[in-house]
């Protein structure tokens, strides 16, 4: 069986995100082979009922966004789509600038965001990871759940992704020179 | 999207067997159309990692038989991996507050716990039961196996049992007031 | 006076979570670009908003108000500079001003992006599959599961429990006190600059050179300081007022 199909079976079994390293380890292949096979699988799944979501160095299988109304009609549990203005702003910062410290979020929003961040963490819309460069602080990132809620298979499918990032990057670079 | 792909998405979502009648009803087509599409899907999935399993008048998606050894090794990996600090903390909450809802665990920990709970369930360390007061949600309890592994015959033998429960209870009540 | 003819924008009814949100809204209502000119124009409205916050005492808001006041001091500086072009800003002051402009730009980008996020969030979802139950759970413990490790774990959980009421952190309180000082010294600083510029102004002693617009500017500035006095904190000392009185007399001469 081709690697592509093995990965499909593995992701199907897991039903949650799996890191590319883990896939390579379980299938005893290199990570570059995994990435190649994922690209093929992505093509195979185009226009199918299942789709791959990518985030950082992990992937998961989800049900195509075109089936969203169907799946929603058979779901039993209710979903909360509501996000306050403050949550939306905070989530947007984290989506467009994945891997952002609380101090940066506070700087952009002009207010303390700790309460909002905790709320988003509990809802599973963001995750908090230690900063590898400075282990005393944490960085915030979107979760796979956020990507699925947004109906995108990777962050760069977010509205005006490149544009918004460029705008942020530009201004933030100035800031770095400044400090 | 073709009917075949819709069925694939639906079965992938469910992860359990669904009757052909139910599929026809959900997708608003006839049962013969469903059967036709299933035959096509069967062909599409040949040599893939996922396959259709027929059972009486029901179908489900399963993992190809060829992948059994792989799945076995994944399962072994899930079972023997060292429990993370986060997993141990989650387990300790379930021990001290047996019959706790996921939302309560999430609030206490300040992060979303769904994956950790899933792993603890697969490992037979905890079990989940429907809440009698609210059948849409589940309550988590330690298993008997876990208690006997720890050498505990009754939960109140845990150190500072009453005090810890009181502290955890306060937080949860507060959460209810808060939202 | 032109200053009085400019429409007063209704901001008091709206609730603004932070100073940048309020500022951006004031600037956008006037359809201005984010720059020092725009900031100078919205300063009065900004200060009257803080004033309305102070009039509705709510302890929960104290921390938030401190954020508003921090930005207010920079705004007052920008306004003063626009009214008194001869006012020379220090490097720190210039930095504060350009920093505020940058933050406003950043905030604007995010605010616009968040509109798209809002309209897409939950509109079309890529659902996760339901929880799998491929096989029955098989008891697979870990040697870490012992009574003592569970006690350690629960203690760590308890140590990180959310606090009952997010208390106003000490740092925040210190910040508020510092703002008293900041605005105090700012007032003295600007008034000194005004007196100097007045001296330059008086030296010429030529009716032709007396620029009415400039007088008007000083009056506006006084009105603004008055707002600051009433609205934010009672910072202006009597001695300082006397300085301003002198300036006022000159204003009468000019007429």
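A, B and C are the chain letters, set down in written order, and residue numbers restart from 1 in every chain.
Here, a contact is a pair of C-beta atoms (placed from the backbone, for glycine too) under 8 Å apart; a residue touches a chain by one contact, two chains touch by 3 or more.
Nothing here was measured: the structure is a model prediction, and the numbers come from that model.
The touch graph of the protein chains shown is complete.
Chain nearest the geometric middle of the protein is A, using mean C-alpha positions.
Chain centres here are Cα averages; for chain A and chain C they lie 33 Å apart.
Taking each chain's centre as the average of its CA atoms, chain B and chain C sit 48 Å apart. Separating the CA-averaged centres of chain A and chain B is a span of 21 Å. Annotation for chain A: residues touching 2 or more other chains are 12-16, 61, 63-64, 66-67, 71, 118, 145. Shown for chain C are the residues that touch two or more other chains, namely 127, 129-132, 134, 162. Residues 17-21, 63-64, 67, 71, 95, 98-99, 102-103, 105-107, 109-111, 113-114, 116-118, 120-132, 134, 162, 166 of chain C are the ones touching chain A in the complex. Interface residues of chain B, counted against chain A in their complex, comprise 1-2, 5-10, 12-13, 15, 26-27, 47-50, 61, 63-64, 66-67, 70-71, 73-74, 77, 106-107, 110-112, 114-115, 118, 136.
Contact residues on chain B toward chain C in their complex (touch as defined above): 12-16, 63, 71, 75, 79-80, 82-83, 85, 88-89, 91-93, 95-96, 107-110, 118, 121-125, 127, 143, 145-146, 149-152, 157-160, 164, 167-168, 170-171, 174. By the touch rule above, chain C contacts chain B in their complex via residues 127, 129-135, 137-142, 144-147, 149-151, 153-154, 156-158, 160-162, 164.
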